[in-house]
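Okay, so chain A shows up in both of these, paired with chain B first and chain C after.
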Partner chain A sequence: MSNGYHIVVCGSVVPDPLQTLEPIETPAGPALKNEMLLPAVLDPWAAHALYEAANLAAHAAGSKVWLVSLGAKAKLRQVMMTIAQKVSFELVPIDGPASGFADAHATAALLAEAIQSITGLDRSRLLLFGGWESASRGAGVTMQLIGERLGILDQFQGVDQLRVQPDGAFEILERIEGGRHQVSLCQGPPALFGWATGNLPEPRNNPQIGMANMRAIMPALQRAKTAAPAPDAIRYRSASPPKQQRQTRIVKNLSAEEIAREIVAWIEKA
Partner chain B sequence: MSTATRHKLEMLRTLPSDAARQIQWSFADRYDLQMLVQSVRAVARGPVARLVAQGGRNTHEWTPGKAEMLEAFDHSGITAVFMDLEQGGFIAGPRNLALALVAFELAWVDGGAATASLAGCLALAPIHERGTPEQQDRYMKLAAPPQPGEDRKPWRGAFCLTEPIPYVGVDTGMLDGKIRIVEWKPGEEPILQVEKRGRFITNIGFANFVTAAVDSGDDRIKGSCMVILEEGDPGIFDRGTATKKMVHQLSSTGDPIFNLRVPASRIVGGYDIKNGVLVPRYSHSEVIEAVFRRTRVTVGVMTAAKLLSAVEPVIRYQRGRFRGAATATPGSVRYEMGLQAREDALHRLVDVWATGEASASLAFAAARAFDELDPLEREADRIIAERGVSGTRAKAKFLRQVSDEAASLLRLMPGDQRKEKLQSDTLMRFVTLDSLADILCPAAKLWNTGWGAQMMREAVSLMGGYGITEDCPGFLGNKWMDAQLEATYEGPEAVQRRQLSVTMTNPVFLAQFRNWIREMRGIASERPGTGACTLATAMTMWLWTLERLQHSTDSDGGKLYQSARQGVTFPLADALCWLLAARCQVLDVLELDRRGAQDSSVAEGLSGLVNFLSDLCHVQTARAGGEAARICAELVFGYNRHPAWDEEGYRGCYQQDELDALEGFVPGIAACATDVIAGDGSHPSKAGPCAKCNGAEQFLTLHSKLATCLTGSRLAKDRAAEAVSKLMIPEVLDYPA
Partner chain C sequence: MTKNILLLAHLDESGNGLPKAAGEALGAAVELAKQLNASLSIGLIGGDVQAAADSVANSGAQRLLAVMGSDFAQPRFASDLLAAEALCRTASADLILAPATSRFLRALPGLAHRLNGRVDTHITSIQVVDGAVCATRWFYRQRIEGVFQRDARPWILLLDSGCHEAYCGPSGKAAIEEIAVALPSEARRTTIAGIRAPKSDSQTIRPDAALLFVAGAGWTKKQPDGKSHPEQAESLILGFLRASGASLGGSKSLVDQSGENQAVLGFMTHLNQVGQTGATPRHPKGLSTCCHGEEPHVVGWRFINERRAINLDPNCGWARGKADVLYVADAFEVMAKVNDLLKKPQS
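So, the complex of A and B:
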C-alpha cells in the first residue's frame, strides 16, 4: 500500500494489576477503592494492539498511528511517561471516566466522536485497533459499537495476527475455541481489529521516541476535552467482588509441572 | 478553617504515588524526567532485580550478566543522561536532578547497579567539567550509546584517583602517580609517560578509557593534573585483580596499573607552555573539586532510595507474619494486623520512613540547587572575565567582596528594597546559591549515607531473621551493607565533615540560615503539625553554639573552632545536617500541599497524604532537634573543666557554718544549697562542686525551650503509626526477590 495506513488504536488505562483491587460503593455508584491513587498501566489488550499498530505502520511507508484514550487526564499523563517511549503515535485524549463500571455504549459514542474529529484522518485507509477484552472493563462490545458508529463492517475479534498479502489484502488469525485460530481474508481497509495478545513483545523504552512523542502529547493532554458523564446511561443496582480468594505466594525454583499440579490440587480442594 | 484542622480527619490511603513524588521533589513540570524515571525503573525492577535474585552479586568477577545490565542502561537512555543533546543525549540543560533520579531508581533495587551507572559519569565528569572542547567532543560521543542504525559499542570509562596505600585516600594530595615528558620535538606536542596505580577503581574491569590523577615527575611539567588514558595506548594497561568487596557486587572494582605513553593533549582542560615549562590549566584538585561537588549528591540519593524502598516489604512482612497459623483466623488481630499490632514495630518503621523522607528531600534539594547553579556559574565566570579579573587568587578576592555584600543584604529585614539586588544581580545570586550548594552536597552525602546506614540496619531488624537472608524481599540485607560503601567512596564521612566545617561558617550561608529560622516560625504558625517550630528552636541553638565555639576556648585556653579541632567542628557539622534534612522535608511537604490539588490523581488522597507526611516531619524534627541539642550541649559544656574538690572548687561552695548563719537572715537557704563543705572539711560524695553555666544561660534557656517544643511529637508518631497499620499496599512487590 503506497500511502500507508491510518491506524487508530482505542485504549485506556487500568490499575496496575499488582495492586490490591477492592470494589467499593460510592455515592456515584460502584468503584475500586483508591483507584485514582493507584498506579495505572495501559490496558494490556490495548497495549498489544498499539504495538501491533506501530509494527504494521513501520512496515508500510506513509502510515500513521493515533491512540484514542478516554480516561482521567492525570492518569493518562502518567501512563504516557512509559508508553510514549515505546512506539511513535499521536495521542487523542478525552478526559473522562474509564473505570470498570463505565457504560460501554457511552464510551463507544465518545470514542467514535473523537475519531471522527481527528484532522487529516483518511477513513478509506482506516484500521481501527483495540483490545477484544479489557483488564478492567471487559464489556466485550466497546470496539464493535465504535465500528458500527463509524460504519466499519469488516470486524475481527480475538486477533493474534494480521498479515498483509502481496495484493494488499489482509490475512487475519482470530482465536476460536480449543486453542485454534480461524483464518480470514479481508480486502483491506477500512476494517476493525480487536486484538488478543498478538505476537510482539513489549518494545523496550527509547527515550528519543519518548521525547519526540511528548512534544505533541503534552499539548494534546492540555487541550483534552472533558467528557460529560452520561446521565442515566447505566445504573448498577449492586456490585460485589467475585466469589474468589486471591492468594499470592512467591515460589522459586518450581517447575511448570509442579506449579500446575499445585493449582489443580487447589482447585479440587476449593 | 486553618489548614491543620481541614486535614485532621483524613488518613493516608496508599503509598505515595509517582505524581505526589513529582510534586514534592519538584519535577512535576518535567516530562523528560518523568519518562526517565519510568525507563530506569523498568531496568531496575526488571533485569537488575532478576540478576540480583539469581545470585548475580555472588561473584567479584565481571560476568556476562553484569555486562548485560550495562547494555540495558544504554538501551533505556540511562547512559545518555549524562550527554548533551549534540553528544547523543536527550535531556536539555543541567542534569543533576536527572542523574539523581537515575540513582534513586536503580538504588531502590540495587546499589551496585547505581554505582555501575554513576561511575561512567564520574569518569566523564572531569572532561565534562574542565575538558577542552575537543576532549568533550571526542569522549562524550564515544561514550554515548549508539543511535539507531549505528553499529558501535559505547566506550566505558573509569575515574582513577585513589592509589594503593600509603598514597591517595582521604588525603587526595598524596599523589604517587606521575607524568614525565619523554619526547618533545620543537614545535610539536610533547609526549608524556604516565605511571599510575589505582586502588578500588570502579568500572575498571571493562573501561576503555580512564581519567587519572597524576603529579609532575619532571621539572618541565608544573604541578598536578588529570590525564586521559585509553586502552590501546602504547604501554601497560593492566586492569589488576578484582576487589573482593562485600557490597555493590554488580559494579566492577579493581586495582589497576598503568604505564602508558600519551600525547600531552590528553591533559584534562589542556595546558600552556610558559618559559619552556608545560603548565596544565587545571590541577588535579581543581578538577576533582568541580567533579565531586556534583557527583556526591547522587550517592546521598542512593541511600535515601533504599530506606524508602524498605517500607513496602516491611509492612507486608509485618501484616502477614502470622497468617496460616491455626490460631490466626481471619478476623483475629493476629491475622489482620500481624506484627503491626505491636506499637514498637510500627514506631520503628515510622522512624525508617521519616529518615527516608528527610534524606530524599535533602539530596533532591541539593541536586536541584546544582541544576540552578550550573548556568549561573558559567554566567558568573563570564562576567568576572569581562571585568578583567583573572587568576585564582584575584577571582577569590573579587568573589569575597561580592559575598560580603550579599551577606549584608541577606541580613536586612524582609521587605527592604535593597534586597532586590539579591535576585536581580547575577553575581549576588551566584554567591548566594554557591554557598548553599557548598553545604547541601556534603550534607546529603554525609547524613544520608551515614545515618541512612544506621536506619537501614533498623529496617533489616524489622524483618527479623529474614532480614539478613538472601531471600529477604526488597534485598534489605544487601542494602544495609551497601550503605556502608556509600558512606565511604567518593570521600568518606571525614571528608564531608571537613568540608562542612569550613563552608558552614561562610557568612553568606549563615545569613540565609538565620532567615530560615524566621521562615520555619512562619511555617509553624500556618502548619504547627510539621514540627517547624521545634526545628526553628534547634536551629537557633545550633547558631548560638557555633558563634560561641568560634569565640571561645577550652579550659586550657585552646581555641575551639579551628580546623585541627575536629572534635568540635565535626559534631557541629553533623548537627547541622540533621537540621538541614528536616527543613528540606518540611518544605517538600508544603510544596505538595500547595500544588497537589492541581493534579486530580493526587488531589483525591491529598489530605491524608499531607497529614501523614506532616506527622513524619514532626517525628523527624523532634529527632533532629534532640540530636542537635545533645551535640550542642556536649560542645558548649564539654570543654570546660569540671570543678574539683580543691581550693578553687571550694571557693564556689558554702561552708556549713556560714550557711547556718545565713539561714537566720534568709530562712530556707540551706535547703537550696547543693555544694556545702562541712566543718571537718568533708564534702558531698560526687565528682566535684556542680559546674556553673559560665555565660551559657541563654543556651540553657534554649535547651529547655527545645525540650518543651517537643510537645506533641509523640502524638504525631502515634498517628503516623496508625496510618502505617492501615494504608493499602500492593498485593506483591513489583520486583523479584
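So, the complex of A and C:
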C-alpha cells in the first residue's frame, strides 16, 4: 500500500497482575481499594496490539500509529515511561477512569470521540487495533462498540495474525473454540482488529525511541482532556473476591511410584 | 418489567445442529421466561436451520424466527450483525440471551449499539431478585465477581458455556418464520477461508476433556544433571495427553519462551496459555506440573473444581490454598510413572 495505514490502537492501563485486588464500595459503585497506589501496566492484549501495529507500520511506508488511552493522567504518565521505549507512536490521552467496573458503552463513546478528533486521520486507511478483552473489565465489547460508532463493518476478534497479501487484502487468523483459528480474508482498510497474543515478542526498551516519543507524550498528557463517562444505568448489587480457600494437603514423603498411583486413581475416579 | 425474551443462536460448524453453549443458553432462557412470566422467542442464524429448529420445537418458545441462507452460514461480523439485528427487531425483545461463542462474542456487542441497547458478556448466571433481572460475571480476569442489573433495554446477555443445564427436550416439527435479510456489498468485503488448527503434532486443546493438564516453565529448566531435557519433557507430556485424553494448558512463562529463543516445547502455543492473559477453561479436574502457581496464572484456574499440583517447592503458590493436593516431587519422575500406569491394562 503506497500511502500506508493509519493505525489507531486503543489501550488502557490496568493494575499490575501481581497485585492483590480488593473491591470496595464507593458512592459511584465498586472500585479497587487504593487503586491510585497500585502499580499499573498497559493492558496486556492492548500492548500486543500496539506491538503488532508498530510492526505493521514499519513494513508499510507512510504508516502512522496512534495510541488512544483512557486512564488517570498520573497512571498514564507512569505507564508511558516504559511503553514509550518500546515502539514509536503518538499518544492521544484521555484523563478519566479506567476501572473495570466502568461501563463499556460509556468508555466506547469517549474513545470513539477521541479517535474522530485526531487531526489528519484518514478513515479510508484506518486500522483500529485494540486488545481482544481487557484485564480489567474483560468483556470484549468496547472495540466492537467503537467500531460501530466509526462505521467499521469488518471486525475481527481474538486475532493472532494479520498478513497483508500482495493485492493489499488481509489474511486474518482469529481464535475460535477448541484452540483453533478461523481464517478470514478482508479486502483492506478500514477494519478493526481485537488482538489476542499475536506472534511478536515484547520489543526491547530503546531509549532513543523513548526520548523521541516522550517529547510529544508529555505535552499531550498535559493537554489531556478530563472526561467523565456519562453515568449509565448499570447498578452493582455486589462485587466481591472469591472466598474459597482450599485446605492444601502437602505430600512430601511419597515416592514417585506412590504419587503416580495416587494421581492415576484420582484421574480415573468419576 | 421483562415481557419478551429472545434466545439467539447460530448453527454449529456442522451446519446442522446447535452448539452445546446454545443449548445451555436456551436452558437459561426457558427458566427465566417461566420466572418472569415472559414470552420466549428463538432466533436462529445459519445456512439451513430446519433441523436445529426442530430440535427446540418443544421448548415452549412462542416464535421460531430464522435468518438463513448461504450468506449467513459462515461466521462473519457484518452478516451476523445484520441477521441478529433483523431477528431482534422482529421479536421486539427486551431481554436477549445468547451463547458466548466466538461468533457471537464478535458480533453481538455491535448489535447492542444498533439497537440502542446494552450488552454484557461472559455471564455466569442470571437470577431474578425482587422482580429484577440480575447478571453475574467476573471482573479483573476472574479475580472479582460482580452482580449487577441494568435498566436499559434491550439488554443482551452472552452466557459462558458450562454455567447452566442445557435444554433437553424432544424434537418436533418447527414452524419457522423466515426473516429475509439482503446482504449489501459492503458486508461481503470479508470472506471466510476456513479453519486452521494450531501447529502441533496433535490437537492438545480439548475443551470437553475431564482433566486439564498444565505444564509450567520448569519442564524446560536445568535438571539435576545440569542440563535441560525438552525432548524428554515433550515425550512425557504428549504421552500423558494421549493416554489420559487431557487438555493441555501452559503457564505464560513457558509459552513466552518460544519468543525468547529458549528451549521450548514445540506443541505449546499461546492458545494453550492459561491465566491472566490466557484462557480460563472449564474442566472438572486440573493437574499442574512444574508451575509455581502464582496468582496471574492461577486466576485462569477459577473454573477448575479439583486441583492437584506437582512441584519441587513445598512453599510454591499451590501450597497456599490454591490446590487441593500438592505433591512435592520431580514431575519428570512422577509423570513417567503415571504414563506407565496409564498404559498398563487395568486389573
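Here is the rule we go by: the second predicted complex is superposed on the first by the 238 of 270 C-alpha atoms of A that agree within 3 Å, B and C clash if a C-alpha of one lies under 4 Å from a C-alpha of the other, contacts with A are read in each partner's own complex, and residues count from 1 in each chain.
Going forward, contacts are C-beta pairs under 8 Å (C-beta built on N, C-alpha and C of every residue); 3 or more make two chains touch, one makes a residue touch a chain.
Source: prediction; values computed, not measured.
In the superposition on chain A, contact of A:Gly158 is made with chain C only, not with chain B. More residues of chain A are touched by C (comparison of chain B with chain C). In the superposition on chain A, A:Leu18 makes contact with both chain B and chain C.
In the superposed model, A:Leu38 makes contact with chain B only, not with chain C.
By the touch criterion defined above, A:Ala139 lies against chain C but remains apart from chain B after alignment on the C-alpha atoms of chain A. Legend: residue contacts after superposition of the two complexes on their common chain; A:Ala84 is shown touching chain B, with no touch to chain C.
Of the two partner chains placed by superposition, A:Asp167 touches none, neither chain B nor chain C. Of the two partner chains placed around the shared chain by superposition, chain C is the only one that A:Ala239 touches, whereas chain B remains out of contact.
The interface of chain A with chain B overlaps its interface with chain C at residues 18, 20, 246, 248, 250.
On the chain B side of its complex with chain A, the touching residues are 13-14, 17-19, 31-32, 34-39, 42, 75-77, 80, 90, 147, 473, 599-602, 604-605, 728-732, 734, 736-737.
On the chain A side of its complex with chain B, the touching residues are 16, 18-20, 22, 33-34, 36-39, 72-75, 78, 81-82, 84-85, 204-208, 210-211, 214, 218, 246, 248, 250. Remark: chain C residues 75-78, 101-103, 105-107, 109-110, 112-114, 118-122, 129, 134, 137-141, 143-152, 186-187, 189-198, 203-207, 210-211, 244, 256, 259-260, 270-273, 276-277, 285, 287, 294-296, 302, 306-308, 310, 314, 318-330, 333-338, 340-342, 346 touch chain A in the complex. Residue ranges of chain A in contact with chain C, taken from their complex: 14-15, 17-18, 20-21, 23, 30, 32, 44-45, 100-101, 104-105, 135-141, 144-145, 147-149, 153-158, 160, 171, 173-187, 196-197, 199-202, 232-242, 245-252, 254, 256-257, 259-264, 266-268.
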